[in-house]
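What follows is a set of structures for review.
Each of the next two complexes has chain A plus one more chain, namely chain B in the first and chain C in the second.
Let's turn to the complex of A and B:
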């Protein structure tokens, strides 16, 4: 099992490199650059001079071929003017790049490191994501089981309709609805935006997190409940379940102890698929609820063409997806002895 | 209820607007008359401009400015003009109360709080509260009042043949008048009275450069917010940075390069020398981004990171990466305490030198959020001030709801900004002025203003602020006249030769690519209506909506036929960057690529003309010349639409950016219903 895990983790590295290459290439091929994106005339009293733009491009290697820019991003040699002497740099900043664990810096805010920013913002996004995931599964599994055990009945049809509706509901629309319902325009129960300013109490943050968590978890719940229902129906119709019933084992025990355990294995596979969706959804949710997390950082990075920001977040998301898939495989193996033994 | 023409609220707003405009239309000519008189007086006397002030700056004590045309207020500023149930003429504002906090919307975070290297409007807005300049342009009166300067004097330079203003070699400095046969140097008393006149014989090759030396006496006892003393070292260091080609401040450097020499003989005195008169000289000293030398100057003994002999490049990099760029240490009444991911927070600072103007609220929170979230925040009561309301929100049901009206009121004010469509004059089909003029007649602005803007927009015919002193209101805009447009196009050789409905010339159809920013419904509506009208005269307008970064890249490359944009300007803007031929190529703000000798000559004359009457005439001539050439299809000035919390009082709407001054606001308890 350990060898299997190590092998999987080893595959993560080329996956990440490929993700960084794709993100890097796509971003650079898109029109615009950080300086152009930032020189919004409505926000600036005037664009920088041609010389200033040229200097900026030169400093950040934007005037260099794409392969050189990528190698600089990849590291471990810094290829800029201040970079490694082997490549004509001053040696002031010889090493750097992804291979040294450096996700780069923001071009428009010199001194702001992308890695530190992502780490800071993950402290907000990650708990929100995990709680949403947990809540989604906690709602979905009983709902799916309930629906499967009442297959074809009115309650099953109602749940099916509700989950389809929830699954089809766009996150941004649901977010605005939740804000309207629970905010001051509605029930006045919950804050609808993330608190800001000095000395915000933890309780305020917890309260402000409720709606984003709801918003992120309903789609997970809808999707996973459909999968649970399908898996459960398949299991409940199997011969060995019929045998259990023939032995007179109570139905409740059959459903929750025997059938669910078998049906849960495919659900673990979905865990790996849900995590990247949650990361993507965090862009919308964090923008709606004004949360200073990774999603808003990605949004800003895209708007301002901060290459290192976007590539860094793509890498972190890819890492999450890889880890999620690994976890789902391990869980799958833990729940299904056939896979466990096969792995050995 | 909606606020549209015919509704009671609209009528009330319109009454206020006409009241304000009445003031502008009646008071402005009088004010300008005074300006002109002052200008003539100044010219006749070549007057001394020594300014002596008490500790608290008072506009009335200012010496008249040579470029007064650029500095006179338009109209009295009415506080709380839109406050519900408050009549500024009848009612008195409640007494100011100290304390509380206000939450003000920011559309985006600044890249840095160091205005030297971040030229954004948001940085400038925060600097208004957290920092000071040598001079400060009073938001209400437009006068430049000494801020960090205790007093200042404007002097003249007499340059003999062989003299050099860049080194000061053989240059005579003082109050010097041209008295015909001789120069007259006047000694002036602190009360600005001439006490002695000395005749200086005129010699061949001598040049008088009036108003080209600014001599500042710095205020004593002013401290940076970390406790360090402010003195001439900070100003000198700032000037060295502005001259350092590696410091990312090219936009400012272009103006500060007009200062050819600067010196400080003692810690409380600084002098600046211009090579020729500059009509916006005072503006430089208002906008000078003074940096704390003890933190930023690598050659300063007090700097913990001092590095004697550091190169210009090292110094520039040190400035660009300094942590104080985010945790700003300034000289203003508010001190930065937090830069989080959602907000920038500043608290009132007791060490500010001018406590009487040191603000009322204890804490300012600049909350960064997109406009959609900001509207939600307003409806949730989480913002106090938001000045980027869209028309659909301003006139829409959401701002008429109880959730809104119980906490907020809304209003608008005109500032120096305008929209335009730039024609790329390098394009073959747009080279002929008749074509551009014809295109300018193909949009019904009056209908668009009435329907889309609900009347809250004004057409402009020039780049200067339409209610400002450099704008000529007598220049009528082009009419909406498709027939005339068609005949002008035909005169220029563009008419439908092959009966396909498209005008053509030399075998080429008249087709224009039109760039506009995506996610901008106004631009989109405008573009579609314009396209429909142009089709009627045989012109194909190909619409291309691009996300800003992509559009900007094309703008820099000048890869467009036409583009829709907007400018926010100072009330009086130096026209060089928009129209001068030296900016007609490359990545400049001359988006039309205008290059015209008459325009160049007028701009050059404006820049050195300090006689207000002549300057006004030159501005008018320039406006007419540019409008005749139609490099832009000038659009409209759309007012800033704002929502303000009812618990905050004394909101004054100014022309100068950002249009308000937080330090004047105070928070009162919310009035009971």
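Let's turn to the complex of A and C:
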């Protein structure tokens, strides 16, 4: 099992490297650069003038061939004028780049490191995502079990219909609807935008987090509860459940201890698919509710064509996705001894 | 009546499939809802438009404007004629273009003025025409002196034309009453093709009875050819757009007291702004049934046109995804070896990214014009989204490829290409067709998500996601509810149709809905 995990991790690294190369090449081959996106090159002086544009391009190696730019981004040597002496630099800042764990810096705001920014913003995004995921599973599993044990009855039909509708509902529509319902033209119960500025009370943040969490978790809940229902129905029909019933074991114990444990294995596989969807959804949800997290950072990076921001976030989200897959494999193995003991 | 009871296996696979699909009430309803959703967007130009179906009016303002422009057009013609007479380099082409412009303008005005009621104006125009002809000849003869005198005369005639007309008739009376069909004239051949395609699809069970028994494929091909032909023929009809045909039909109809017109039920175009009516909540009594946005544009009209964008992008993306995915998947599953490794690694690589993040990244790379195109966005979506179909097709092709009939075909000596095309391909498409509908709704959601974030098509009408972006902040409930409701209805009906297809292809699976 450990070998499998190591193999999996070993496969993640080249994927990420290839991904960084692809993202880098695509971004840099496309026309336009951050400064051009931000300013007017027709000016003769000032920050947008041709001369300062040239200096900007030189400082950020944009006048160098693409492979050199990528090697600079990848590291571990810094290839700029202040970089490693081996490559003709002054040696002021010899090391840098992706391999040293440095995701680069923003071009329009010198001194802002992308890695630090992402870490700071993940402190908002990650708890929101984890809470939504947990909440989604906590709602979904009892709901799915409940509806599977009452298969064909009216309550099962109602739940199935509701989860079907919720599953088809686009996240951004749900977000905008929640905003409209609870916003200042609606019920005015909850804040619909993230409190801006520093030193906001924790209670305000918790209140503001309710709608985004709700918005992120309903889709998870709908999807997982449909899967739980299908999986439970399959398990509850099997022979060994009938055998348990014949031995007089209470129904509650059969459902929650024996059947659910067996039905949960396929659910773990779905965890790996849910996490990338959550990461993508966080861009939408953070934009709707104005949350200063990773999603809004990506949005800004895309609009301003900040190469390092976009590449960095694409890499971090790919890392999340592979961690999710790994996690689902591990959980699957923990629940299913057949996998743990090397049937794979 | 001997063959009234047809055995199941004697009907083709298509009609067996159609029968199984139709036998479920939810699938039937969902198919109709989807057709309605698509139909409303296909018929959008007929349902919501700022042009009337029919209008009967005198084009007073147009004639006035054309007459007032006559003098500058004539003087620039005089200038170019003089330049051509002096044989200045490059002046010949300008001169001929100016000559044609003046002649067509005079023709137009003569057609627009009523000969009986404004004889003086017609006469003035005729004099202008004669003078222009004489000047043209003089210029061609390089007679500079004669050009000078004729030019003076022509300028005077042109500046006198309008006063002559106004004195000879009371303004509107001297103008011919015209009947026109502006809305139909503005339909493009794409619109016509789509309308015929939709009618053919919606009425498929009825019209196919009239056609002698043929395979379903040839009937669909017939429909496609017929619709394309209709679109092609529609270009032959006169478009009726003359220089006097400005598109401000509402203003022209309001200006003429004796006009008659029939407008569509929603008498607004998708980008027609009325700033005085901005942010109106929907009311039955008002003309804006779904309210208006911040610029006073009618939301319902925008919704109808936005649906065209959404469906066009999602449909094209789905076709591309199914095409790319099934081809690559089949190749990987049937050929194995290097192809399989490459395709599988590509799938793994693409699936290791969150789809939306990747999509946003790719769209932001496109130049502004390509990012607003109905052709490039589906390509980008397909480039990311083909993996799901490819995985299904690969697994199925691997399974089918090991089956006895494929081996038998190989053993019979059929070529590799023939075995793949005629035996493996048709037998491994089942799961792909089921997934196709979910891919369609996935494309719809992806495109809308990107448009919601401001990446994607904005003109002439944004997609439903783009419309929803206006609702952020939650100040106007109608902006949030209606676009989302349409999108939701479309996704829902596509999902239900997909479930119907799945059950019809494989009756053993349990339905998702009771």
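One rule holds for everything that comes next: the second predicted complex is superposed on the first by the 323 of 344 C-alpha atoms of A that agree within 3 Å, B and C clash if a C-alpha of one lies under 4 Å from a C-alpha of the other, contacts with A are read in each partner's own complex, and residues count from 1 in each chain.
Just so we're on the same page, a contact is a pair of C-beta atoms (placed from the backbone, for glycine too) under 8 Å apart; a residue touches a chain by one contact, two chains touch by 3 or more.
Remember, predicted model here, so these are calculated numbers, not experimental data.
Chemist: Of the two partner chains, chain B (first) and chain C (second), which one does A:108 touch, if any: first, second, both, or neither?
Modeler: first
Chemist: So, does A:221 touch the first partner chain B, the second partner chain C, both, or neither?
Modeler: Touch partners of A:221: none, neither chain B nor chain C.
Chemist: Who does A:192 touch here: chain B (first), chain C (second), both, or neither?
Modeler: both
Chemist: Once the structures are superposed on A, label A:152 by its partner contacts, choosing first (chain B), second (chain C), both or neither.
Modeler: In the superposition, A:152 touches chain C alone.
Chemist: Under the stated touch criterion, which partner chain does A:121 make contact with: chain B (first), chain C (second), both, or neither?
Modeler: First partner only.
Chemist: Check whether A:53 is in contact with chain B, with chain C, with both or with neither, and answer first, second, both or neither.
Modeler: In the superposition, A:53 contacts chain B only.
Chemist: Once chain A of both complexes is superposed, is A:26 in touch with chain B (first), chain C (second), both, or neither?
Modeler: second
Chemist: Of the two partner chains, chain B (first) and chain C (second), which one does A:211 touch, if any: first, second, both, or neither?
Modeler: Neither: A:211 stays clear of chain B and chain C.
Chemist: So, A:292: does it touch chain B (first), chain C (second), both, or neither?
Modeler: Only chain B; A:292 stays clear of chain C.
Chemist: Of all the chain A residues, which ones make contact with chain B and with chain C?
Modeler: Comparing the two interfaces on chain A, one with chain B and one with chain C, the shared residues are 30-31, 176, 179, 183-185, 192-193, 287-288, 303, 305.
Chemist: For the complex, which residues does chain A have touching chain C?
Modeler: Within the complex, chain A contacts chain C at residues 12, 15, 18-19, 23, 26-27, 30-31, 152, 156-157, 160-161, 164-165, 168-173, 176-177, 179-186, 192-193, 226, 230, 233, 276-277, 279-281, 283-284, 287-288, 298-299, 302-303, 305, 310, 313-314, 317-318, 320-322.
Chemist: Looking at the complex, which residues from chain C come into contact with chain A?
Modeler: Those in contact with chain A are residues 348-349, 351-358, 360-362, 364-367, 441, 445, 448-449, 452-455, 465, 468, 471-477, 480-481, 483-484, 487-488, 491-492, 495, 510, 512-514.
Chemist: Please output the residues of chain B touching chain A within their complex, sorted ascending.
Modeler: 101, 103, 107-108, 111-112, 119-122, 124, 245-246, 248, 250-251, 253-254, 320-323, 325-326, 337-338, 340-343, 345, 363, 365, 367, 369-370, 373, 376-377, 379-382, 401, 403, 546-556, 565-568, 577, 586-589
Chemist: Sort out for me which residues of chain A touch chain B in the complex.
Modeler: Counting only chain A, the residues touching chain B are 30-33, 36-53, 55-56, 108-111, 120-121, 176, 179, 183-185, 191-194, 196-198, 287-288, 290, 292, 296, 303-305.
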